[in-house]
């Protein structure tokens, strides 16, 4: 099957949408509600393109290619329609940018900036600024939900239904009063997928008290410390504290999906109860000591036990939570330094 | 440093500054004196070095605008103008007519303010107390006008990339009108005090002479160059902001001494006043900000009521814009001379390299030529004052 | 793991998470995936609900995937072997087995065949409580599928005959030739983030890094040359044996790194007695956990976010862990602490960075030989990866079984060590929950996890509770032959009659006080899944 | 004489081979090799058609790792006669030095001292080559790209 986009021919197969073909050949079509890992949603109407023989522009994300289609992805009238789409959203959008956690990484901001929208468009708009409405209770304490910021792209509804399979969120009521609602809240497993796909600040992270703008934080890719699936995630760090966990959709094994422990379980890193100093038990009581003293004590005690009772009187428990390097050094220590094979770890638990 | 007894009568090293009333800021002069005559003079600068050029590399173009106020803080508006012109030329932004005329008014007003401050303090250096109060009386009026329009007296940041931040109000025009009408007579008052004053003449005539060749060879610009007989002004040579359609002359001296520098600056007051009058006469209507959405900040009143403006404000302030890759050197006629900005952009929202060419820095380097072997300590004070240096711009 | 090593030659997951969707039928046994491996659980839920994959779920509890499964086998705890033998009996009877694969790729088929004869569906029904027709259907589903994958977890391994369970699963896979192809294989889901890595790195009493046996003379020579010191050749003690050795005084010192045995090990009274007898107990961890109460020295270490290194996940993928922030106070990297102790004991170990250690370990570990930090920059590589241009191995045993021939091992069903009787009438299973992780030192500090599951609980069948007059939310006393604890009851139809379930995340009610000392003879995994207990209303 | 004529003239009449010449929006830009810098500068000043007599600025740009000869010394010279400006660039690597143009324009003295002070590029036969803004004994060169913004305390 052959399709021409902006005058260039492309070989395509059955079942591809126009947006897939455009993205495969890096032709830019602006999108808002499009989400790769779920079936096309088609709720925003931003990705409209003109197809020869069709009177109305069609949505690229949900229109499948047919043989001989001629598609235009950019024209003044398309620009106008897309602007109208954005304006309709912006009419109800509150002036929260300075206090919204998502500002700086918000898809709506990028689009408005990209389209260079001016304030003078929607003349019938009432000039009263819509101030921030307080957050509404959501199905998990890990997420704050501001209904007034929602752009009704329904990405969260689709991801919760199709990708996660719990179907907690629904679109409630119609017209102006329509908004997303966690109707089946007890189905929620607080995996935070809705938080991850929300393009605006409607769903924002609620675990870390410290917040940071994109240019104030460092994003480090690492592996989740919990179960064996080994999801790859990104820790957003600001002022030596983990602020948020985000994830890259292209990296296996989890391809952009996390669970509650991966997404929200990072508070232990900066918890006050973390051990900060070596402790040595002196006449029954633990006292904070320097590294020198603690290490000397351990080394001397181990050496004396080794000489008195032999190497096999000492055993070591390695850890499935430490890195390969830690475990390698540990078993090398037990075998080469102590001289025993009494090394095990909790693989059995 | 205590001088050993047998050294008396021969050479003496004298440290003048960096804390000294006559050095117009933290300038330190090391004088090698033989009796009163200055054998050798070595200016030491850097006490007010804040590393503005390094700082500019870490901040976006919008944030750097605020730094430019702190260069020549006696004429902040024209610093902004020079920086704005450089960035606009880099991005190819067309500034609307009205904004250009407002910019001319503001640049000339800051020139008047800077020169009034110079005359006041220079007279004080030489010993004349009263001109200080006269000059600062007018300077106060100019600063009030700045405050009226931008809310700030010294560091207004009023001229921004793409135009000016606020439109001028009728009250401002009224104040400007009354100022320009009466200013001519006040200049006569200053001249009555100084121009023919015998003490003034003896302290400034033939003091710190800089010949025409030396002035050009040393790369001096502004009143120092013009006093040495070179009729050169960037507003005429490389016109910007529409200076070509204003009539004004370039005053210039003959033998390049302190007196000529004084006369050139007094004359420039008149010319600036003339320019402002012409500008006020044909002030066109229209927008005050260029219509370039991706880099020009929206007006603050819109930002508080309108989501598109708020989003644009947020994105521009947080440096989401991209200035095209390239480099530009643009300079204007600052009250002290040429203030040039050499900006190298790597296509991001932060300048890769921002070089600020300051005229005071180069003019100050001519001090040894003016003074060594010819003058005594008292004349050093007159020489330094006549160059009119502001250490903020010299040290950056 | 030992089971798979014996039958197939490699103990790790044969396929990878990425190719599970190519299976037509997925046999999920002993794994509550949606709770313990949530992201994989989501994928399985999608496969079941939207892509029409057929699921056979065998689990004593009616876990979430059971509701989506085409066939749910509510099996009695500890009777897995009988079920699998029953399925194999039907497959052999119907002739669905892959005759040609068995011919070329396996050995020991005939003896195995005789043992399976006896496991008719009716006989299996009497043992497992699963209706005969379901067993027939399960066998039909698995036998006739072109590609069928087996996924199992601790539900299979944590029994006195855990290894046998794994071996019988291997038999089932070999029987139908479900090996070495995408969407097939026997896939153990490792419980923790780097348990696969810890085993690979030789954190086991019997093997050096890369599963190279300690007893093998020539391999030991290799390590002696690498480390410049003579090495012991006797197999060391496992966790459980360490407890016994400490009690009778043979073991004097224990160095615990990143573990909390006082909560996670079975038979805790015995273990506590052992720990208090030790002359030296060193605990190196990120929190002051329960084991630290018995420790003489506690050393603060850096957590995963504060160190560079690599983790190996359940599908043998080695992935980079990067340092995001500085450790609190004086906490240090684990390898730094150990190398400092080694230096003080005369063995020079000065590593500059984790990368240096990795460079050394990949020279002695054949499976990791081709992996470097530079290659891991974008994404992980699945071992075995012998050379630097080798792309990694998503699927093991492709074309040929690693061990040469797949080994059929005839296995008889034996009941669990501790059967319920009139005094201890309930069978208790211990396991993990979705919101918490192992000994809870990490997740109990997080507000979201604590919000949903703040305190320990006991899952109980509503009818059982009714007979004993227990309502939902009551605090009950749970006793076993070794100890007793108090738990809050949570009535749920998920649990069958006569069975109860609890988790070991909570230090205020340590479930492992109840669990027994019996463990699997070969790989020493304790019997967590079957403990006879009595539930009493105080 | 407008910019285009100047551009043609400089290329044609230049005594040394120019490594590069282009017409930027603001002024003509020429790149010269370090060894024939002085002769080219003298040509610019003494040639009466060009008459580049006023030294506007001497500065440097640190390309750090993005280019091999790490630094570019940039001269801006202005002609009072033609009211035109020219930008002359010289590529300099770390540790290399450039000949001083104070013999052509005395005004470059302090400008070159500042370039040394900020970038560490030495200027040969300069009348008074030492730091100008930073203290005499300062060991680092602040405007280099590898110098941290918050400075180095020692």
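For reference, chains read A, B, C and D in written order, and residue numbers begin at 1 within each chain.
Convention: a residue touches a chain if its C-beta (ideal position, glycine included) is under 8 Å from a C-beta of that chain, and two chains touch if they have at least 3 such contacts.
Keep in mind that this is a model prediction, so the values were computed, not measured.
Shared contact partners of chain A and chain C are absent; no chain touches both. A summary of chain positions shows that the Cα centroid lying nearest the centre of all protein Cα atoms is that of chain A.
For the criterion of most C-beta pairs in contact, the winning chain pair is A-C.
Using mean Cα coordinates as chain centres, the one most removed from chain C is B. If you average the Cα atoms of chain A and of chain B, the two centres end up 52 Å apart. Separation between the centroids of chain B and chain C, computed from CA atoms only, is 76 Å. If you average the Cα atoms of chain A and of chain D, the two centres end up 50 Å apart. Spacing of chain B relative to chain D, judged by their CA centroids, is 25 angstrom. In chain B, no position touches at least two other chains. Residue positions of chain A touching 2 or more other chains: there are none. Chain contacts here run in a simple line, from one end chain through to the other with no loop closing. Touching pairs of chains, sorted by label, consist of A-B, A-C, B-D. Interface of chain B with chain A (complex): residues 293-294, 298, 302, 304-312, 314-315, 318-320.
Those residues of chain A that touch chain B in the shared complex are 90, 93-95, 97-98, 103-104, 108-110, 112-113, 116-119, 121, 127-129, 213, 215.
In the complex of the two chains, the chain B residues touching chain D come out as 45-46, 49, 51, 53-55, 58, 89, 92, 214, 216-221, 230, 232, 237-238, 326-331, 338, 340, 342, 344, 352-353, 355, 357, 361-362, 364-365, 395-396. Residues of chain A that touch chain C in their complex: 140-142, 162-165, 189-191, 207, 218, 220-232, 235, 237, 240-242, 251-254, 257-262, 264-271, 273-281, 286, 291, 294-303, 305, 308-309, 311-337, 339-349.
On the chain D side of its complex with chain B, the touching residues are 24-27, 53-57, 59, 61-62, 74, 76, 80, 83, 85, 87, 105-111, 114, 118, 131-135, 142-143, 147, 149.
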